[in-house]
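Below you'll find the structures, each written out as structure tokens.
There are two complexes below, and they share subunit A, which is joined by subunit B in the first and by subunit C in the second.
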Partner chain A sequence: MSFLRIHAQPGRTAIWTLSWSLFAVGLILYFYAAQQRHRENPDDRVMPTIAQMVRGFSDAALKPAAEEEVQAASGSSLLARFRTSMLWTDTLASGRRFLISVALLFPAVLLGLHMAMFPVIGAFFLRFILFFDKIVALSLLPILFIAFGIDELSKIMLIVIGVTPTIILDTFNLTKSVPREQIVKGFTLGASDFSITYRIVFKQIWPRVLNSIRLNLKAVMLFLFAGEMIASTDGLAYRIALLRRHMGMDTIIPYVLWVALLLFLVDFAMNKLNHKLHPWFQER
Partner chain B sequence: MLLPQLNISLDDLTLPSGRGSVTLAKRGTCFRSAASIALAIGLMASTPVRAATPSFTVGWSVYVGWNPYYYMAKSGILRKWAAKYGINIRVQRFDYAPSLDAFVAKNIDACAMTNMEALDMPAAAGVDTTAIIIGDYSNGNDAVIVRQNLTLAQMPGKQVMLVEKTVSQYLFERAMAINGLEQQIKQVHYLNTSDSDIASAFLTNQSKPVVVTWKPLVSQILKAKDVKVVFNSSQIPGEILDLLVVPSEVLNRADGSGQKFAKAITGAWYEVLKLMSVPGPASDKVLTDIAQASQDSLASYREQLATTHMFYTPQSAVDMASSADVKRTMDLVRRFCFQHGLLGEKTKSVDHVAVQFPDGAVLGRPERIRFRFSTAYMQLAAQGKL
Partner chain C sequence: MLDTAIQIDNVHVDYPIAGQAARSVLDGISLQIESGEFVAIVGETGCGKSTLLRLILGEEKPTRGRLLVNGCERWQPDRHCGYVPQKYSLFPDKTVLDNVTFGPEVTAFGAWSGLRWIRPLQMRRFREEALRYLRHTGLDESDARKYPYQLSGGMQQRVAIAQALIMKPPILLMDEAFSALDPATRTGMQRLIKKLWRESGATVVFVTHNTREAVCLGTRVIALAKNGDENRGSSIALDLGVPDLDFDSEEIDIGKLVREVDRATVRERPLVYN
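Moving on, here comes the complex of A and B:
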């Protein structure tokens, strides 16, 4: 039983096999159940087969989104067809909201930093943000509608309200964890308040803050989907909500996998970038 | 229409399935995980578990025409009828969309839904479905509401809030078509809005001039100033039918238990409707209890009933189901569903999902019948033979 011990050293093949085995089990269970259902009912839409999903995905990725563009699209290259497709237009719409919201998280980092460094700013904001952090933004939707309308702004604000308090408090805690001695040392060497804040403290916490933003991307996505399902005219979650109306699982499942892939790529890129920018940063 | 909009803390009327799993959990993790895996596989393969007494589950969601199912179970009327036929019937409240999902996945044996959803959800997904009770039709429950005296002719270019691809969109497009504006429908911008937020979203956004929704949301919205109804479902009477549907395979079960189930639920349904339709204050008690299903007051429920054409007697429902109107309606509905891709992307022809009527007439290809109207059980009720 030594292979179950803490000091076990599984080989390369063993690790590879183990890490993919749950995927295999999931796939086998799914397709077994799907096949059962299809034997009973050839038109089943609840658990589409691979062929159905491939067709659903290629329709989504290669057929034009709007009916008017049919003539323009047929006959052009694969890339051109992809760019007028449902999938691409939805991805663009959601992606835009996603990027704006993530960009809006950066001022939150600065706020957290200043709250931790300057006691007066901290006293002013901390209690309120601690309170605000516990508010379930989704339950206040009617108020959000009054304040921000039901167009783009309310969707972005939903994300901002949902995620920024976490980022602010996280930055605050990270800043506080920088040893006091460093700050004192900075002063003895003649640094000003701001050079200590930005050149000593911020530099140290920045990779950890980036990490924290990266870990919160899923929350961003969750709020984005919630917003798009409530009221919208485009976006990935809008499409999923619509397809659900007639059980278009053959398109929904590939859509969900596509979103997972995009999220994974963003996560991966941010992680790589973080390590590239801060080679001394070893945490993951 | 018809999606419930409030959270309703309704006690489960029959034994909740969760109660059984509590005892399982005490027997140790190993057993529990084995049980949950078995359950998951069982659910996926949707193997029906047969008990000694055949059991059936009816799914319903909050809507004026379906709230009687709540009362039926609560008052014991359903238990009485089920006992008469020697079966068990459970009644379970769902949100509307999940109830449809559960029905298509064959987790429940009967479900309250509209004629449109019956066609584009189970029937289009290959589940041969039979409507055994025609409960009512929307006679003003669904409405197109505008601000500032806007008219239908001014709709092109405007944003319309609605739950896309539902009877709301059907109602709106019928309104345009009836007023000779069919060509302009494409210039209207739909804003897909979840029914749980549509009332507050419309009321707080002056920039959105049009909303299409259903009661009781309509009543809420109409309390605001400067809004009015330009079209409602009473102008297309009988087109939005509320049904109780059952998978045809359940009705055709070899042991005849499906037939018993259909008879029991139909019998219970008309007993409740008879209690409801007593004129005057005599029915107040019953209606108050029924209104509890959606946590409504008696007055509010009566107001909703006023715009709902209930088929109180089985004979009236049989007459409706046998009329030529139903064929015309179903033709309109199936064409709407086909045009909007609701029958599935693969469905190349509107005839691919065929509808059969009580007289045997079929809309679509006869070998592809997926949705049937049956008057058999309502007929038995009318003759007093249940």
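Moving on, here comes the complex of A and C:
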């Protein structure tokens, strides 16, 4: 059993095999169960077979979303058909909301930084943010719909309210964790408060803040999906909620996997970019 | 006649503890450090050496008493005092060269130092000067592009010294700057700082818990002793003038001096040697 010891050193092939094995087991179990159900009931819609899911996904990814585009799309290339498809229009709608929400996290980062650097700003905001952080964002959903209507604003506000306090407090703690020696050193080198805040502290915490945002991407998606499922006319979560009414599991499952894949790619790209831009940053 | 660089008059530092009497860390310290001196402050762990250094830096305020640096009270650290701490002395996100040019840049460009590329000539001058300081501290140009995590502890402290000295501070404060180094590197760094001190003529205040290091480096050794009373802080136990020693000097029995300073740091009552 030496391979289970702390000092075990698995080779590259072993690591590759181990890291993919759970995916393989999951797929095998799913398709086995799906086959069994379909053998008992050929009309089963709870666990679609692989062929049904491929058909459902290709319909979503290659058939036009709107009736008027059917004529235009017929006979055109795969890419052109994808760009008029339900999947693409839903991805664009959710992606736009997602990007706006992530961009709105930047002021939260700046607030957290200033709260930690300047005691007066910290004293002014900290208690309020700590309290605000405890409010369950989803419980505010009815209030947001009443206050901002059921348009884009309420959905974006939900994400901002849900994730912003975490990002503020995370940035606050990251800033506080910068050793005091660094700040003193900055002063002794003639730096002003502004230079210390932005050229010493912010530059040091920025890769960690990006990591924190990365880890909160799932929360951003969670609030986005909650908003879209309740009040929207487009978006990935809207489509999943719509398909649920028709028991469209052959499209819901590929949609869920598509969302996971997109989030994984965003996370992967952010991680790679973070290390490319900050070669000194050693943490993963 | 020498000017007074640091004047400390009857300084007390007490830390309040909730529900208890305040704990005194420094109990009536008085001290005068002249310009150009190399003063080593030595004492046991927890006797207030680093607190005394933070007072001189302006990072902390005395509870009572007066502390003047170059005739002025200190409100916060500034570029009149260079600082080399034991750890975290370099900015991890900057290369060695950027660490050393940081001081001149922020001094010259102020808040707009991020836009340094719009003044390439001045930046080139800063880089050349930084390289000169790096060579002076025993590093070569190939190290200039490295990040701090790529350097050994000794090399990092060399960069930290270059980073502080490029600002030409009249006073250089070093807080256990060589404590984390191995003995061979430590000896090399001690020789280096002594050489740089002789060349620059700056006032150096060097805090260490290593008595031998204090005696070898300092032209004066200030030994802080813990007071017998738990609630009272350190008082100066020994203010000993030490000749400017060479490390290999045989004129003075360094071991005897070390023993004398060590004895003083465990005495309960202040002793002042003049």
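Keep this in mind: the second predicted complex is superposed on the first by the 284 of 284 C-alpha atoms of A that agree within 3 Å, B and C clash if a C-alpha of one lies under 4 Å from a C-alpha of the other, contacts with A are read in each partner's own complex, and residues count from 1 in each chain.
Everything below uses one rule, namely that a residue touches a chain if its C-beta (ideal position, glycine included) is under 8 Å from a C-beta of that chain, and two chains touch if they have at least 3 such contacts.
Everything numeric in this text was worked out from a predicted model, so none of it was measured.
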item	value
Partner chain(s) touched by A:T164 [first = subunit B, second = subunit C, both, neither]	neither
Contact breadth on subunit A, by residue count: subunit C or subunit B	B
First (subunit B), second (subunit C), both or neither touched by A:N41	first
Contacts of A:A33 with subunit B and subunit C, given as first, second, both or neither	first
Contacts of A:W280 with subunit B and subunit C, given as first, second, both or neither	second
Contacts of A:S101 with subunit B and subunit C, given as first, second, both or neither	neither
Partner chain(s) touched by A:M247 [first = subunit B, second = subunit C, both, neither]	first
Footprint of subunit A on subunit B - complex, ascending	41, 44-46, 97, 101, 104-105, 120-121, 124-127, 161, 164-166, 189-194, 197-198, 200-201, 204-205, 207-208, 341-346
Subunit B contact footprint on subunit A (complex, rising order)	29, 33, 36-37, 41-47, 55-56, 59, 141-142, 145-146, 149-150, 229-233, 238, 241-242, 244-248, 250-251
Subunit C residues within the subunit A interface of the complex	57, 59, 76-79, 81-83, 85, 87-89, 91-94, 102-103, 106-107, 110-111, 113-114, 147-149, 163-164, 167, 169
In the complex with subunit C, residue positions of subunit A that touch it	179-182, 184-192, 194-195, 198-200, 203-204, 278-282
